[in-house]
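As structure tokens, here come the structures.
Consider the two complexes below, in which chain A is the common component and chain B and chain C are the respective partners.
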Partner chain A sequence: MNKKDIIICRCEDINLEQIHDLLDQGYTTIEDIKRLLRIGMGPCQGKTCGLLLQQEIARYLKCKTEEVALPKIRPLVTGVKLKAIVEGTKDER
Partner chain B sequence: MNANIVIIGAGISGTAIAYYLAAKGMKDIVVVDKGYLTNGATGRCGAGIRQQWATKMNCIMAKKSVEFYEKANQTLKYPGDIEFKQEGYLIVAVTPEEDAQFSKNVELQNSLGIKSRKITKEEAKEIVPHINTDMFISATFCPTDGHINPFKANDAFYQAAKRLGVSFYFHEAVQSIQTVNHKVVSVTTDKHTFETNKVVNAAGGFAHEIGLMAGVPIPVYPEKHEILVTEPIEKIQGPMVMSFGKNLYCQQVPQGSFVMGRGTPGALHNHDIESSWEFLDEMAKTVVAFLPVVGELRVIRQWAGSYNMSPDRQPILGTVDECEGFYVACGFSGHGFMFAPITGLLLSEIILNQPTSIDMTELCMNRFKNQKTIEVEKSVV
Partner chain C sequence: MTNKELIIVGGGPAGLAAAYTAAQTGCHVLLIDRNPQMGGQLIKQTHKFFGSEKQFAKTRGLNIAKKLISDVETCSDRIEIICDATVVGLYADQVVNVLHNEKYYKYHFDALIIATGAGEKMLAFENNDLPGIYGAGAVQTLMNLYGVLPGQNIVMVGSGNIGLIVSYQLIQAGVHVKALLEAAPKIGGYKVHASKLRRLGVDILTQTTIQRAIGNGCVNQIETIELDDSWKPIKGTEKLIDVDAVCIAVGLSPLYQLLAMGGAELKYVPELGGMVPIVDGLHQTTINNIFVAGDVAGVEEASSAIVEGYLSGLAAAAKIGYQQPDYQKSIADYQQQLKNLRSGPFGAKIRAGLKKVEAKTNA
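The block that comes next holds the complex of A and B.
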């Protein structure tokens, strides 16, 4: 299958070829690749693509998957409307 | 290993300095960073670019940097795009004092060739239709301000510097700087020792610690600033909306998300960069008051980074009296991303003993010794 047709990150529409391009240029950490392609920065926050990317980097570097550091996990766990946060704290203070 | 110069930090300041030095022909330039590319404030910033400042020096530096960024893709021969969106900054005055101060600011900005203007609430609403006009008195607007992708901008300087022969060492922390008779002789990391008589401190939030390694007490401290991003939607907002008085900046970036932040009153002076629910609370209240429709958007991620604060909220650039061969580029106080091009240019001029493009009196570190009263930049969030 053509690498361009293999979608790794559905939120930001990133394919395998784009990832291999960056690996070839020497960007070999998830943190680097995330920042240049926005992979894992969409609504699902890398829940789908994170492990795929980790495996792909491990294959490229010929190391164990667990040796490829995962990116820092940031809140929120799931999307929350700004309005809901305002409503939710209205009666406090 | 020998190096002509070691630059500590591969944030936008470090990569811009490396680029300018290499472009001017300097060889054996080494840049060391303790993390991955753009792990510091540069990759955490709001990435706003504005020329609407209250001090002359900040206006001049911002304007010169905008002129560089407008042509950066070509100048740096970047295969990608730094995504410079120039749709302005709308800065709202929320008190009569701000309203009066903003008139003075615009006068200063105009005298320096910055095309900002004072506008009414009604005019502001034409520029940002969803703004709540009950929240402010008047505003200022400069159409050439905007936003740049910080990862791409730093990558552009990094790639250009690499192409010109600069060596980068990532995941390597500087641990000590050796001096003899107050002159730099070498820099030691956890992996190498570089023999060099020139060091640049471009370590962002860690600039104070790096200074101490060379016996140079730099009057800066790190302060946490938090920020968040929403899900993307179709374009509804061109400019950045900013309020100093109500502590808010909020911009829709080209990819469709809204990026917004505010300072944390009473933040401690330390390296903490964890996200907090208190920020989320206050941020939500502030932004929904100013831009009600933004309340409909889901927050998908929040993070934080360090401002490196200086006493007058202007950067500290150049040589220091305490140590020969030690150069500083720090104290950006929350606006070092937009100043990176001028930072790179000025540091390269100082390091290569060339005449500087702007007078350094108000930027060098010994200004704090010479000045009795310090003019503090007030236009900051």
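The block that comes next holds the complex of A and C.
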């Protein structure tokens, strides 16, 4: 199995090998892996890779999928240009 | 910032149904959808639905969408619609922000119904990023909405109802469905759909999965492998199939992101597809005045999404002062319809899942 060719996060182009490298180093939470690889931080904000990463960590730790905590969800759900936010909130200043 | 009485996020079957019953009470509704047109997944569903007449059985999905949209249009004085708009944030002070045509808007709401639906699950296998590998939603959009074939020779992965129905639609469109793979020992969807495929000569390979896609620039072949009873690949059972497309239909997962950022209590329920909100009998979440309807509350069929929509629309409107004289009776009727839809052996999984997210309720 060539783990390099198994894409987990399409938005940020993260493959399974990169994830296993971090797991082997002891980074076993989605929050840690997200910060180190930017997995789940692209346009879809983890909608596609979130479950795959959760399953992969569960397999590695030999625990149930739901025992792997999902990352904190923050606004916004997709990319928004700062210009749009500045212009859209002008009347508040 | 503009104030809106009721904002509904998502114009699929649940959101449209909710807008309709809410508007019937006199409530003013803002219905927001990120797609260019309303109707959600229904607009690409060319097959006829099962169930009872009340939930549009024997009607094609796209015609159910037309009916729900025309119902909503009869209340155009009370329902404002914005398409091509994404609700990007939900905040504790009853505020949502919306991105529409590169512009950013903020709305305060009295009540909110989240009907964002579900997203497709993906599979991890070698070269899963090759062009020609699609989700079942994309195949339906291409084929049924735009009349574009995804390929000539395809393998379907997943034997739930979506995998079965889309395989049949591919055959109708002239595509050769070379095999249907299912990792489990049994077909996931209705036997009646699977039998149709078998009669047409489609190989349904259970306990088999896709291990690898092969191709230079696009998919040309896939390698399948058989799985043992503990879902482990069995070495030596690898087989190659020539394809120019692969369709992944391995289930859906509720789009819970807005609920999470708003602070609603969520729970992981595998029977319902993933993270789902705790709700009461009126489909209100643990956040006051925020309701849910449809697949975001647990992945089910469009028929139950519609009824959940009718129910939550009525309940949300009542919550902010638009209570109809026959309110209790209507709510009880919708609750009974949902119960009927979930009865029988195929509803067992849903019933078990929903039990886990029931909040204490007086409804």
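The criterion applied here is as follows: the second predicted complex is superposed on the first by the 88 of 93 C-alpha atoms of A that agree within 3 Å, B and C clash if a C-alpha of one lies under 4 Å from a C-alpha of the other, contacts with A are read in each partner's own complex, and residues count from 1 in each chain.
Here is the rule we go by: a residue touches a chain if its C-beta (ideal position, glycine included) is under 8 Å from a C-beta of that chain, and two chains touch if they have at least 3 such contacts.
Every value quoted in this text rests on a predicted model; they were computed, and no experiment measured them.
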Three-chain arrangement built on chain A, chain B and chain C clash or fit: fit
Partner chain in contact with A:8 - chain B first, chain C second, else both or neither: second
Which partner, chain B or chain C, touches more chain A residues: C
Touching partner for A:56 - first (chain B), second (chain C), both, neither: second
Chain B versus chain C as contact partner of A:29, first or second or both or neither: first
Touching partner for A:89 - first (chain B), second (chain C), both, neither: both
Following superposition on chain A: angle at chain A, chain B versus chain C, Cα, nearest 10°: 140
A:16 touches, of chain B and chain C: first, second, both or neither? second
Partner chain(s) touched by A:41 [first = chain B, second = chain C, both, neither]: first
Contacts of A:76 with chain B and chain C, given as first, second, both or neither: both
Smallest distance from any CA atom of chain C to any CA atom of chain B, in Å, after fitting: 8
Touching both chain C and chain B, counted on chain A across the two superposed complexes: 45, 74-76, 80-81, 85, 89
Touching residues on chain C, where the partner in the complex is chain A: 1, 86-91, 97, 99, 102-106, 119-122, 124-129, 253, 255-258, 260-261, 268, 270, 274-275
Residues of chain A touching chain B in the complex: 27, 29, 31-32, 35-36, 38, 41-43, 45, 74-76, 79-83, 85-86, 89
For the chain B and chain A complex, residues of the former touching the latter: 35-39, 43, 151-152, 155, 229-231, 255, 275, 280-281, 283-285, 287-288, 294-303
Chain A - residues contacting chain C, complex: 1-2, 5-8, 10, 16, 45, 47-49, 51-52, 56, 65-66, 70, 73-78, 80-81, 84-85, 87-89, 91-92
